[in-house]
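For clarity, chains are labelled A, B, C and D in written order, and residue numbers in each chain start from 1.
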Amino acid sequence: MGKLFDVVLLILILLSVIFVMVESVRGWPPEVYDYLYYGEWVITIFFSFEYIARIITIKRPARYIFSFYGVIDFLSTIPLYLSFILAGSNFLLTVRALRLLRVFRILKVTRYIGESNKLRKALLDSRPKILVFLFAVLIISIIAGTLMYIVEGEESGFVSIPVSVYWCIVTLTTVGFGDIAPVTPLGQLIAAVIMIMGYGIIAVPTGIVSAEYVKSTGSSKIDDSDYVHVNSQSCRNCNAKKHRDDADYCHKCGTPLHPEDIF
Amino acid sequence: MGKLFDVVLLILILLSVIFVMVESVRGWPPEVYDYLYYGEWVITIFFSFEYIARIITIKRPARYIFSFYGVIDFLSTIPLYLSFILAGSNFLLTVRALRLLRVFRILKVTRYIGESNKLRKALLDSRPKILVFLFAVLIISIIAGTLMYIVEGEESGFVSIPVSVYWCIVTLTTVGFGDIAPVTPLGQLIAAVIMIMGYGIIAVPTGIVSAEYVKSTGSSKIDDSDYVHVNSQSCRNCNAKKHRDDADYCHKCGTPLHPEDIF
Amino acid sequence: MGKLFDVVLLILILLSVIFVMVESVRGWPPEVYDYLYYGEWVITIFFSFEYIARIITIKRPARYIFSFYGVIDFLSTIPLYLSFILAGSNFLLTVRALRLLRVFRILKVTRYIGESNKLRKALLDSRPKILVFLFAVLIISIIAGTLMYIVEGEESGFVSIPVSVYWCIVTLTTVGFGDIAPVTPLGQLIAAVIMIMGYGIIAVPTGIVSAEYVKSTGSSKIDDSDYVHVNSQSCRNCNAKKHRDDADYCHKCGTPLHPEDIF
Amino acid sequence: MGKLFDVVLLILILLSVIFVMVESVRGWPPEVYDYLYYGEWVITIFFSFEYIARIITIKRPARYIFSFYGVIDFLSTIPLYLSFILAGSNFLLTVRALRLLRVFRILKVTRYIGESNKLRKALLDSRPKILVFLFAVLIISIIAGTLMYIVEGEESGFVSIPVSVYWCIVTLTTVGFGDIAPVTPLGQLIAAVIMIMGYGIIAVPTGIVSAEYVKSTGSSKIDDSDYVHVNSQSCRNCNAKKHRDDADYCHKCGTPLHPEDIF
């Protein structure tokens, strides 16, 4: 029963996202927009009831409301109601924009996929490293962007430092739209250096995540249970080191390691 | 004999693919198109006989027909015959399109390469993880695409949410055609965030496959079940060393290694 | 107290960078440029005092001045003063360019982030390998660039070998601006080979860094010298198991493990 | 002495490459081209003498001449002489093209870098796997290219299947020039699938090389000498398996494994 409800909910979420996406396309017959409008209202009302039902039935409503999915559930229902309150011809476009925010509803989908946890964990584990890395990328982009702004100037499309930094990020990430491109020889030389640099440093986050993954999966066969931790204590008789942490006698000469404990 | 047939088949498949590709190019003399047409018919008839011969000679024809290669073999022969049945001047273009489907014939080539199995296995093993990852990429694209549609609007080429989502995938995957590019400062800022995000998360599938590969190849000898760990104990009779950890008798002279345990 | 000063400094550095970036954008009201000009002067004077204070208070000033951060601190203060000395209408643009160099001040930010050390070490460790790799990329680019210059010629935008080499780097690094693109069939074929080659060799630096990282993090317990391999032999006296491979006496009761070897 | 000669040679090679690259740029004063022409002749004559000297002084000249570097050395000297023989105004362009081949001379540089050997070995080791992978990429490109040709047609720039395949390679490798881009909704959908696919499979060669590298560097501590190969022979007395390859007696019961050899 609960499973059926989840599947229906999933289909409604997908339908709703498709409705918003289709509605944004121009050129359909006018009645299509009407049907989509009614469809969106039906789904929105259903989601509103579902949201209220969740709050009523759950033990700690506050915990749900301020949780990640609680906020998403709220954001998924509110935009269409807001389009009522904010009436006025000049607000029409903004209202439509608010309605589009209901696309956030699709995030509900992930709730039903449990396999993503491992992936999320791997991303979270390597997040600090990746953040430091991205910070370095940003600094390089700001400096290289300034350089390109000075070298290329406004004729080549590098109209300001922020735009140059934007171009630099486009280039470093190897996206390369080509809406702005260097035309002077010096600019092209600097661009080549930036690109090769980006080519070299793209390896860093990949290496980090790879290592994180390899570490988490481990080398299968080598069973940890065949290895024991040893300490740096040395035997007072034969000076042998690296005894097992739970050792009472030296493994080399059989002398008690902790006479005070035993006798 | 069978090997010669396979080589001839391989050459014919390659020739056929080249014929279709060459035929699609405009500007050859008219007789070239005629020769290509005849060539395609000869190869198609040969493939048809081969397909029928396979069905007749194989023990379980049904199993072959509905197998991966059976379907490809069928799709490789049918388009040219279809161009007969669907006669009519207004269907000409569609017919040419159906003929192009014969390019699927090239998939036959992979049948003759056995080395690809390992690669396919590695891809299949990490498929669920990659699918979850690609699903996350799609959700990010839909949300970011909607955001860009609201921010940039139709003047910048972001004419609808589907087109914006398409642009987002182009950007996240670092392809960056540049046919659509943000022009407003806020749009460029969001684009920069999307690109850096894409730069950071491209590491995830790479890390997954790397870990999968490292796990499967293992650290040289260790993962191999044909190797066992040996210890430094020496036999009191023949002084042979490196006995298996679970050895009771010397592998060189048969003397008990732990007489106290046995007798 | 010292921490508060650092935070204030960090905010001032960020403010200053934002000021320079905002100033480069055209279209603000004239008074905005005035405010930014005054703001930059205030921050520059503050940084100048800070720089002098550092030199006075530090034991070995010479060591600081010629250190990485000493040079950056100096470069962060000097451009605005230089804009005074190099007065003259025809030098105005250059002066503005020098002022933009103060963006280097942002490099100070990294000083306050300690976590970046590990990342820097990983990059430094794999630097020689990546340099050899990038050298190979450069040679490929020069040869392939010359080839494209001969094949495509000046009509397609490949106006000289340096420009062709620039295009080749843009393509090999998968940036692909599209400002220059091959139009002849042979040029497109060579471009396809270059791209597939670039696709294949992008794996090399990634593999290098991954291996470097995996090596440094190690496979859990195995690489750790604090762990020793134990075998399944059991003591004939107390039945304790998991003795070190080189153990002569039981670590639990001190009984000889191989009496025949000792007596 | 020999080292000095190598350094001079290296500088001359670099100079020569720079000369060819500079000469291809239009817009210098006419005398610059003259100087470059004389410079190229001086270096060519020096290289010719060096080539002849090598052949005379080396023990087995034939082995050098047909070696990788012998062929490069020959290709580095010949183009300028060829420009003499092939005189004639209509051959001028071809001659210039031949002269550009002297860029191959830069490959000499690699001879002086010994550190590249390890990198080359890693690439060679994973070459078969990468080749199979690239073959798969090519098949995908041909099929997807045909699909795009049918869907998009000639109005969008997909003028023939070879051009569509070229576009597909540009897209799959995430280069994305943007000279050709899909405009129909279905074409953009297929393009999105191709891009996400390319994003997913770029992980494969990276994973291969990473695993190859990790394997070659190995997990330091685990000494292979602590492991021995065992075979599948079973003891006729106790049925114990996995005996050392050089074992004469069963390690479990002490029964001779090869009675016919011993008695």
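Quick note on the criterion: a residue touches a chain if its C-beta (ideal position, glycine included) is under 8 Å from a C-beta of that chain, and two chains touch if they have at least 3 such contacts.
Predicted model only: the values in this text are computed from it and were never measured.
Colleague: Sharing over half of the contact pairs with A-C by residue number is what counts; pick that pair out of B-D, A-D or B-C.
Modeller: Interface equivalent to A-C, from the options B-D, A-D or B-C: B-D.
Colleague: Averaging each chain's C-alpha atoms to get its centre, pick out the one most distant from subunit B.
Modeller: Using the mean of the C-alpha atoms as each chain's centre, the farthest one from subunit B is C.
Colleague: Averaging over Cα atoms per chain, report the distance between subunit B and subunit D in Å.
Modeller: 23
Colleague: Centroid of subunit C to centroid of subunit D, CA atoms only: how many Å?
Modeller: So the centroids are 26 Å from each other.
Colleague: So what's the Cα centroid distance for subunit A and subunit D, whole Å?
Modeller: 35
Colleague: Could you list which residues of subunit D touch at least two other chains?
Modeller: As it turns out, subunit D has residues touching two or more other chains at 133, 162, 165, 174-178, 202, 206, 208, 210, 214, 219, 222, 226.
Colleague: Considering only the defined contacts, which subunit A positions touch subunit B in the complex?
Modeller: These residues of subunit A touch subunit B: 17, 20-21, 24-26, 97, 100-101, 103-104, 106-107, 109-110, 113, 115-116, 118-119, 122-123, 126, 130, 133-134, 137-138, 162-163, 165-166, 169-170, 172-179, 202, 205-214, 216-217, 219-222, 226.
Colleague: Going by the contact rule set out above, which residues of subunit D touch subunit B in the complex?
Modeller: So the residues of subunit D in touch with subunit B come to 128-129, 132-133, 135-136, 139, 142-143, 146, 149-150, 159-162, 165, 171, 174-178, 181, 183, 185, 188-189, 191-192, 195-196, 198-204, 206-208, 210-211, 214-215, 218-219, 222, 224, 226-231, 242-244, 246-256.
Colleague: Which residues of subunit A touch subunit D once you look at their complex with the stated criterion?
Modeller: Residues 174-178, 206, 210, 214, 219, 222 of subunit A touch subunit D in their complex.
Colleague: Can you list the subunit B residues touching subunit C in their complex?
Modeller: Residues of subunit B touching subunit C: 174-178, 206-207, 210, 214, 219, 229, 231-234, 236, 245-246, 258-261.
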